[in-house]
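One chain, chain A, appears in both complexes that follow, with chain B as partner in the first and chain C in the second.
Right, the complex of A and B next:
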């Protein structure tokens, strides 16, 4: 999966318009990054990347790049 | 000699297990109370399950298959909904129908199925699981009427957070997004053996006229 494809998946999860996310963005500054989005992120990464994201790992994410790296 | 109203001595029971630690505890408790328990794999093919069941009339049947998935609305798919409905509801009805057809459930038997407080309380991202267990509870009430002429009774247990379930990572995630679900259990997380005791209580002669009921065991979550 390319970075662009991953960003589109994340935009879907956070219900943002296309091409609004960039890797360097800080998660704490993204208003849509709330508890339900975090849950959607866990499910999306399971569905799309077949990886289990734990609550602990989720807490360590600081930027969009951290999520992209985890998605692999 | 003291009497034990929850004694299961002389009872032959079927236990539909999904392999969870809770179902292991339930099996141990039923055996400790004197029951002869045949454990069946709740996730196996229906015909395989039936082939593994002895040709006798059982005194009780416990169904413990609980697949507590969590998905927000936008992540729900038909496949996911079908899987959750299948494991939490359809399989139980399919198996019960065939057990009745093949006369494996005896007169005056007790049937117990595991439900959840998700059936009666809202939780984020649990809508499909909630619907599946609500379907199970609603069907149970109709079945209680339908099976009563045979003296057969049926009940469900609506459990909250149980210690052995809570060891699973995803439950903690769900708890976190639902504002500390477990902390709302004012008496704390329920021990597996308490749920097992409740199953035994419902399968025993201590509750011979108890039918069509869902019993909540949730440490006070739903208060």
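Right, the complex of A and C next:
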């Protein structure tokens, strides 16, 4: 999966318009990054990347790049 | 004084026997003399449950109840090998949380298969002639989630509401055979499923608020097991089509 494809998946999860996310964006600055989005992120990564994201790992994410790295 | 819950000579089939509630109810029923037929997809944990039980004539079967087409063959095998049963406890279930926007059809079907369709299929098979003894009692593990809305639980709550609706119909249809069917609806209970849910929601306000309404506190698996055993027993002989909530008072507000 390319970074562009991953970003589109994240935009979908956070319900943002296409091409609004960039790797360097800080998660704390993204208004849509709320508890429901976090749960959606866990489910999406399970579905699309077949990886289990734990609550602890989720807390360590600071930027979009961190999520992209985890997605692999 | 005779045992209030006497299951001596009774054969009881327990699905999901490797999980928290399945394990607790199996231990209780075995302690009161039941011969248990245990089923779960997790062989290792199933063996742990079976080995820990009082009595030595319990048997176990490994099966993934998500494979609905395999259930009829398995039930025929169990009837052939174990004979007619006196009780069924359906504890097997999955309690995943998932936002609606990601709850695609395939996910909904997976949840419904394990939580609902497998239950109906087992009841269908177990209520055939020669598969059950007179006075068969069926208990499904429902959830108070069947009665109120909660985010991320469309699949789970729907499956449990469907189970309760099915049990009410079964109670009426099977009454002439002397079969009773009921559900127990637990509130938050200290099991592996709860720990899983807590991993993502423990710190949220809605989760704390939810728990604060469980006025008597968190249920233990043994609390649920006691209610199941009562419904299985002859002491509940006039109870059918009912839902017994075991939720520390949560449904009272």
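Convention: the second predicted complex is superposed on the first by the 72 of 72 C-alpha atoms of A that agree within 3 Å, B and C clash if a C-alpha of one lies under 4 Å from a C-alpha of the other, contacts with A are read in each partner's own complex, and residues count from 1 in each chain.
Everything below uses one rule, namely that a contact is a pair of C-beta atoms (placed from the backbone, for glycine too) under 8 Å apart; a residue touches a chain by one contact, two chains touch by 3 or more.
Just so we're clear, the structure is a prediction, and the values are computed from it rather than from any experiment.
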Exercise. Does chain C touch more residues of chain A than chain B does, or is it the other way round?
Worked result: B
Exercise. Touching A:42 in the superposition: chain B (first), chain C (second), both, neither?
Worked result: both
Exercise. Is A:2 in contact with chain B, with chain C, with both, or with neither (first, second, both, neither)?
Worked result: neither
Exercise. Regarding the shared-chain residue A:55, is it in contact with chain B (first), chain C (second), both, or neither?
Worked result: both
Problem set entry | Intersection of the chain A residues that touch chain B with those that touch chain C | 35-36, 38-40, 42-44, 47, 54-55
Exercise. Where on chain A does chain B make contact in their complex?
Worked result: 12, 15, 35-36, 38-40, 42-44, 47, 52, 54-55, 58
Seminar exercise, completed: Per the touch rule, the chain A residues reaching chain C in their complex are 35-36, 38-40, 42-44, 47, 54-55
Exercise. So in the complex, which bits of chain B are touching chain A?
Worked result: 70-72, 74-75, 124-125, 169, 172-174, 176-177
Problem set entry | chain C to chain A touching residues, read off their complex | 97-99, 101-102, 151-152, 199-202, 204
